[in-house]
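In this document, chain identifiers A, B and C correspond to the written order of the chains, with residue numbering beginning at 1 in each.
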């Protein structure tokens, strides 16, 4: 099984689908993760892959968000337990790889990995010896998909048998920034904004324990506002802002049936802080 | 086989795909219906599911448009012949369930169910006994996909064997509003607007029988206009408005190579009326 | 295996998926090419299908960009080696059909067909005898998908056995316009603009041989500009314009991490010319 993720829009991902089907044995399943990941945003790619991939059974995950296409950045294969990830060596692959290992170790029931999953777990990285590709702008088709096909046919357990792969300790890593959390205040940042306009922060959901039903002071670059902490969107009126624990396990700044990014004035990378307020 | 439909945008549907693949036996096929259904619009979900699902062979249809996520609305499984639907108990599932039964009863050739399909047919509804989910905001991943996987593995004919399912007569129903039609006038409303800007009304296509080539008076909240009745878009010049029978079997207000919603000033829910005009 | 391409947006393609699955034997694989092809743009459809389809193993390619739906244009089946294409007879199918034959003849490694693939290769076209369809506006569901299913079950090698197909020499053809190229100047036009805003021209990439690192004079309807020729986007600073050979084998007018169509003021169909400049 393959999963496919990219920021390619359309119809470029279809070329990768064709290559995977042409160059593999059998008729492996192809499952799309998304092809509208935030364009050339390596950190967002790492976030979303880390969120989604642990839901899947063992697979080869082809994940191409690649602002450095055509530069001398390496192509990378990462083994994470029974999974493999294939894509550019720019930091986007290691966070989801660690989450895949942590997920299988925790033997959970299919729910998302908890915040904090970036604890040290073992993954194995390989640099790919790339033949000169047909195009210098479409490595998804010409480098990564053929590599993923080779990984699939060799089997994730036997990556060392592939001549084109060389074990490496120098893979580019990326750690999503941590938040400073104590009882009185959590200071962090906006990580990503989803299609709904929900602002996912890097503050662990555990910060909201015991606070549902109270108000939180939310400080953003544009000022501060008091916002109710609720368990579900329906806990406030339509159009009203709220703070809750999102499905990723992080604190989110949202609006019931509206856009949190607009209401809070937040974009990815913005700093923010939450403080519980006396009733 | 599963079909998947939601208003989740991207990349959330991939989490549901992963859960379905992780929690089922065999390697069931996944087929997307759409993940950009009109956001939190239960009526539009019912309309589109009713339009599309009858084209499919027997399947478990996971359909999540769920403005009430996190409230105490039930999770629902509906059996419709050899099909099952899984999603929130908000009315979105029963209209397509009835269409699936009507379709298989009429033994048609794969065309869409005729308007009026909401006639009384028998479907069987079950409330789902939901364990506390991992997230209160993403029941697609944590409640509905695991339920759909369980339904798939148990088999649609054996839903009563699933401990988590309890037959119910109280499922929320939703009847798409009917039109008032006589020979001189059809009064109804705009049901949905599609990606092309075509305005689908609830007036049955049969109202236009014998009227192709004539003009119709179209009354909307913004005034009235005379519009030609044609069999195909090409029956008027590019950019001109037209009235025709859409592929759903309903009267549509369209523009050839343009947007009907703009030209007619219509949005879902708007009232409208059609009257044949003397030549 | 089927591939599916259209300009239908969502959720109409799901109806075609359902028909293909309902009306074929076995459980054929469905792979999406794209459903957001430029709306009613036959030339863009031909371009993108020619780009993507040669990556695929033998398949039945259902491709519906059909501004003439409901007129008396024919439905067409084209056999291209072990592939078949099914869609409207408007010129969109023959260029990719020729590319599929050229690709298999060249026994390449999965890379895209080179520019100039429209050389004469043999393909076989059949007009489809269409029964009166259920709808006059949705032939994707009512005409082309059932035809594709019949082609699939009959087998591409045995199309002559299908009563509904009649060999034809009158299929509408479409030749993407050629460029006038000599050593000093290449005059051509913008063919398509992709999701990234990259402007694909019809000037073969070979025109840039030996010019990487130099500047090119680019003449457009809005004036002229000197632009560096680079091998990859990263060859210029973020936000700067560039000219390079795209993954289709044609010269592209792009911006590193920006939109080429905006920077060059180009839209599909615009004339343009490139001239090497003395250092």
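In this section, a residue touches a chain if its C-beta (ideal position, glycine included) is under 8 Å from a C-beta of that chain, and two chains touch if they have at least 3 such contacts.
The structure displayed is predicted, hence computed values, not measured ones.
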Enter the angle, 0 to 180° in steps of 5, of the rotation superposing CA atoms of chain A on those of chain B. 120
Mind checking chain B against chain C and telling me if their interface is mostly the same residue numbers on each side, over half, or mostly different? different
From the mean C-alpha coordinate of chain B to that of chain C, what's the distance rounded to whole Å? 32
Would you mind listing the residues of chain A that make contact with two or more other chains? none
Contacts from chain A onto chain C in the complex sit at residues 8-12, 14-15, 17-19, 21-23, 27, 30, 39-40, 67-71, 134-138, 141-142, 146
Write out the stretch or stretches of chain A touching chain B in their complex. 1, 3, 5, 29, 31-34, 36-37, 48, 51-57, 109-112, 194-196, 231-235, 244-247, 252, 257
